[in-house]
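Would you mind keeping the following structure in view while I ask a few things?
Chain lettering (A, B, C and D) follows the sequence in which the chains are written, and residue indices restart at 1 in each chain.
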Amino acid sequence: MLIKDVFVQSNQKIAENTFLLKVNAEEYIPYVKPGQFFNIKVNNNSYPLLRRPFSISDVEGDSILFMYKVVGEGTRILANKVVGDQINILGPLGNQFSINESSNHVILIGGGIGIAPFPYLIKQLPNSVKYSVLFGVRTEKEVHSYGLKNILYSSDDGTVGIKGNTIELLDIHLKQIAEKDVKIFACGPNPMLKALQEYTNNKNIECEVSMESAMACGFGICQGCPIENKDNNYKLICKDGPVFNIRDIMI
Amino acid sequence: MLIKDVFVQSNQKIAENTFLLKVNAEEYIPYVKPGQFFNIKVNNNSYPLLRRPFSISDVEGDSILFMYKVVGEGTRILANKVVGDQINILGPLGNQFSINESSNHVILIGGGIGIAPFPYLIKQLPNSVKYSVLFGVRTEKEVHSYGLKNILYSSDDGTVGIKGNTIELLDIHLKQIAEKDVKIFACGPNPMLKALQEYTNNKNIECEVSMESAMACGFGICQGCPIENKDNNYKLICKDGPVFNIRDIMI
Amino acid sequence: MSVDLSVNIGSLKLKNPILLASGTVGYGNEISEFVDLSKIGGIVTKSISLKPRKGNPPQRIVETSSGMLNAIGLANVGLELFIKEKIPFLKNLGSTLICNIAASSIEEYVECVDILDKEETIKAFEINVSCPNVKEGGLIFGNDVKAVAKITEKVRGKTSKPIIIKLSPNNSNIVDYAKIAKQEGADAVSAINTLVGTSFDIYSKKPKIKNITGGLSGPAIKPVALAKVLEISKEVDIPIIGIGGIMNWKDAVEFMIVGASAFQIGTANFINPKASMEILDGIKKYCQENTISKISDIIRTRKI
Amino acid sequence: MSVDLSVNIGSLKLKNPILLASGTVGYGNEISEFVDLSKIGGIVTKSISLKPRKGNPPQRIVETSSGMLNAIGLANVGLELFIKEKIPFLKNLGSTLICNIAASSIEEYVECVDILDKEETIKAFEINVSCPNVKEGGLIFGNDVKAVAKITEKVRGKTSKPIIIKLSPNNSNIVDYAKIAKQEGADAVSAINTLVGTSFDIYSKKPKIKNITGGLSGPAIKPVALAKVLEISKEVDIPIIGIGGIMNWKDAVEFMIVGASAFQIGTANFINPKASMEILDGIKKYCQENTISKISDIIRTRKI
């Protein structure tokens, strides 16, 4: 955990309302793991007051990349950053996706901007592991392929990939690949993750999910980001997560 | 009174912490008078919340120029504006310096950034009227000559002009010019204006001053900017001023 | 789709729920350059007292984080001039006029209402028992349930026009005030007036406001104002006019959903004098997009 | 120039006036990566109750203009685990530990203090009678002068360590609470806890916080907090710990000038975990530049 001012190296639009922000972050590079996130101060005043959490989307040389969608005031400010601007980042925070060589096939499911953490996760997958990316969007305009390969799409309006949601896509895909030893990593809106939980529980498939929550601190001091686990205790998404085994939590 | 988004055409540093901001403001041009001011929103969010009042410093073609000193959050934000940025201006506000042809000699006294309204005032002086500018600064670094002529300086540290304040400079100057029919326009910190009040009252010299006050609205609806007049009533600096005959007010 | 934006505050029918808050638009003269006062719900005048009040010495205002403190001290032209000059102006503009009254004694409240009741242009009274910036006539009443009861009762006796009691947030039991107001015959309550606050200069060590403390308004207080509206709305069956930090139509709709039948725009007028007109457009669009045919249908639709 | 930054809160001597506020740094574990806890005045622990508390269901926090609402619901590890795990950690770091206690009955307050009094590492108790986010154990006491009197008296009977009563801003008479606290033997009061606030989603019409209302903190409330400190400081002769919206050393100095003997950093820790260290540097420089040899000399130096 470090707090530092870093410089914007690029900030590109890669799809509708979706941007890729690159910052120089040399000192962080040895420590960052896929699934972790940073809590970012998008301004140097009190408006907005709080930091904004963003997953590590990729690492390139001495740089960290964040993929983000413009949804409100904070991300709007971020989208206006230009090369050379400073932002203050706090991280890396949270745990990580647990990658191991045992799975035959890894499936990455991203709902909308939930795709963000996967470019870096893909880079860290052992070469031996096969993977596919299931990318669910509302409409074609949200599609990009930054850092992704083997992508299958689903869209709400049918403009790209199958018309339907990522769980339907997953169901089809699982039949197609006919692998036994599958592991899923997923990130996206809660309704999707809830449906995924039911699906993977029924089929008994290994699955890890990255969860979201409103956060004040991002590192365990505010208790603002609880998630209930299967024992009816609260875990902190920022510290005990954001990645959880889908069996362990109540979504 | 109009509210409009205008574009920054230039924003140049002209002296230590002092900037000249040029905006396109075609629609305002027919109405602006020397001594009036605009209330400017330096951002498009609530931080800072309130507008900031700035005198009309000059008019050039379709553009209005503001001369400002960086003193706090609002002016710092203003100083970061670049060509093409938008700001929202409300004005023109307040009354004006009353220029007439009867005075033989006009003396403009600016204490620090109090010099701001004079470039435009000078442009509006009838050709027949002689004038001189007394520019008081703390130190040489604050000196510039934007839109000014016939400048005499005083400085606190003696690095430029006489070492002393603008009232001392005025006293010397009045002897030098030996004019009878003098009119003074002044703007600057309250202690300077207070001293000036005593001086001009004693010598019975015509004098108009532009006053400052914290302001919320700038056009008479908040009652936040009172100044006591000689009848012990409150006038509003934003509406009844900012220019007052120095005899009429309690400084 | 045409939307019915009208709302009722007791017997007071408003074109729409947008009111301009007392003390933030004077008597309408200046703001009328930006706002068509005949188009919005109404204007609440700067607090009027029997005699003119000079108000507090400067500095009267200071900015804070997302807010501002003011200690104007109820500067106003007094009843006589108000009747002679201000009312005719507002009448000409065709705006709905709510007259806000502040006083330093119960008798003064009564006398003011008695005199003003004859003015046809005045459609309702808002009784300010919650100004934090004057020794008498403000919070001294606003934080005393019995005083508020008495004022409401006595004023009720003098007018059949709607009476709105403007409540202070500077206490722990705003519900008690709303209850007593209702019980003594008030038609509505407005909430909230400003929160007591202060700010000091660390070099001069002096308060930035001459009056030492001032009233905090603006977006900073919106969460507090909403909580007060919610509290009243849960416990007392009386129309509420929501006030506090409303900057745009979303804030306004939030107040209505939480429990307000109408709302007032205060500090926003200083920053964007056209705020009320923009809010009018905004709430109309919101209704259209969400197929709400009467805005009064959203009042108190909170789901909790 | 060397500056003496130490201050006294009754018999509690602090290295410097900087405390970390309850609920904003847990038990110090995480913040210790950013702050040398032995260098700042002290840490006030998250409110501890007799039994562990799970806290409120999510969503627990929401941002507002220059502020945030929280309804954590006093989630804490409980007394036992606190003694076993948290105290030793803080002891090792050499930090001055002030233990904040929240309870749902007077008896529970007393029992907690009784048990914790034996812990040498604990240098003082801060009694939270002002949490707005739980039904019992919070504001129910904080807005009842008699309850605060009783709690103070009973707790006083159980410990000779300094007792600090943490006051609620959600009432009109904070002075009465400070007076009663002093009278019943408290060594200091801290002011303020959060203001009750809420925020709703205008599309779902649901409160953004599951608990419906939450406590407002951050720069938005600073003017209110300062006014409360001023009010107490004018009327009651008791050390005050100032809290509310302190983001930087200037804010901190402002609180001390107005009347605070020490101050707590809350919400700022979330945004800048190093805030307290930067404030330490800041107040040292302020003293040096203004040739103040003892920071305690600036306490209550307001000029009004």
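FYI, contacts are C-beta pairs under 8 Å (C-beta built on N, C-alpha and C of every residue); 3 or more make two chains touch, one makes a residue touch a chain.
Just so you know, these numbers come straight off a predicted model, no measurement behind them.
Participant: Under the touch criterion given at the top, what is the topological distance in steps from chain A to chain D?
Facilitator: So the least number of steps between the two chains is 1.
Participant: Counting only C-beta pairs in contact, which pair of chains has the most of them?
Facilitator: Here the largest contact count links C-D.
Participant: Report the chain whose mean Cα position is at the greatest distance from that of chain D.
Facilitator: That would be chain B.
Participant: Report, in whole Å, the distance between the mean C-alpha point of chain B and the mean C-alpha point of chain D.
Facilitator: Centre separation, chain B to chain D: 47 Å.
Participant: Centroid of chain C to centroid of chain D, CA atoms only: how many Å?
Facilitator: From the centre of chain C to the centre of chain D is 34 Å.
Participant: State, to the nearest whole Å, the distance from the C-alpha centre of chain A to the C-alpha centre of chain B.
Facilitator: Measuring from centre to centre gives 54 Å for this pair.
Participant: At least two other chains touched by the same residue of chain D: list those residues.
Facilitator: 65-67, 218-219, in rising order.
Participant: Quick check: what residues of chain B touch more than one other chain, meaning two or more?
Facilitator: 46-47
Participant: Please output the residues of chain A touching chain B within their complex, sorted ascending.
Facilitator: Touch residues, chain A against chain B: 45-47, 73.
Participant: What does chain A use to touch chain D in their complex?
Facilitator: So the residues of chain A touching chain D come out as 1, 3, 41, 46-51, 90, 213-217, 219-228, 233-234, 239.
Participant: Give the list of chain D residues in touch with chain C in this complex.
Facilitator: Checking each residue of chain D against chain C gives 64-67, 69, 139, 143, 168, 170-172, 195-200, 202, 204-207, 212-214, 216, 218-224, 226-227, 230, 245, 250, 253-254, 257-258, 286, 301-304.
Participant: Would you pull the chain C residues touching chain B in the complex into a rising list?
Facilitator: Touch list, chain C to chain B: 23-26, 29-31, 33-34, 46, 54-55, 57-63, 65-68, 70, 72, 75, 218-219, 247, 267, 269-274.
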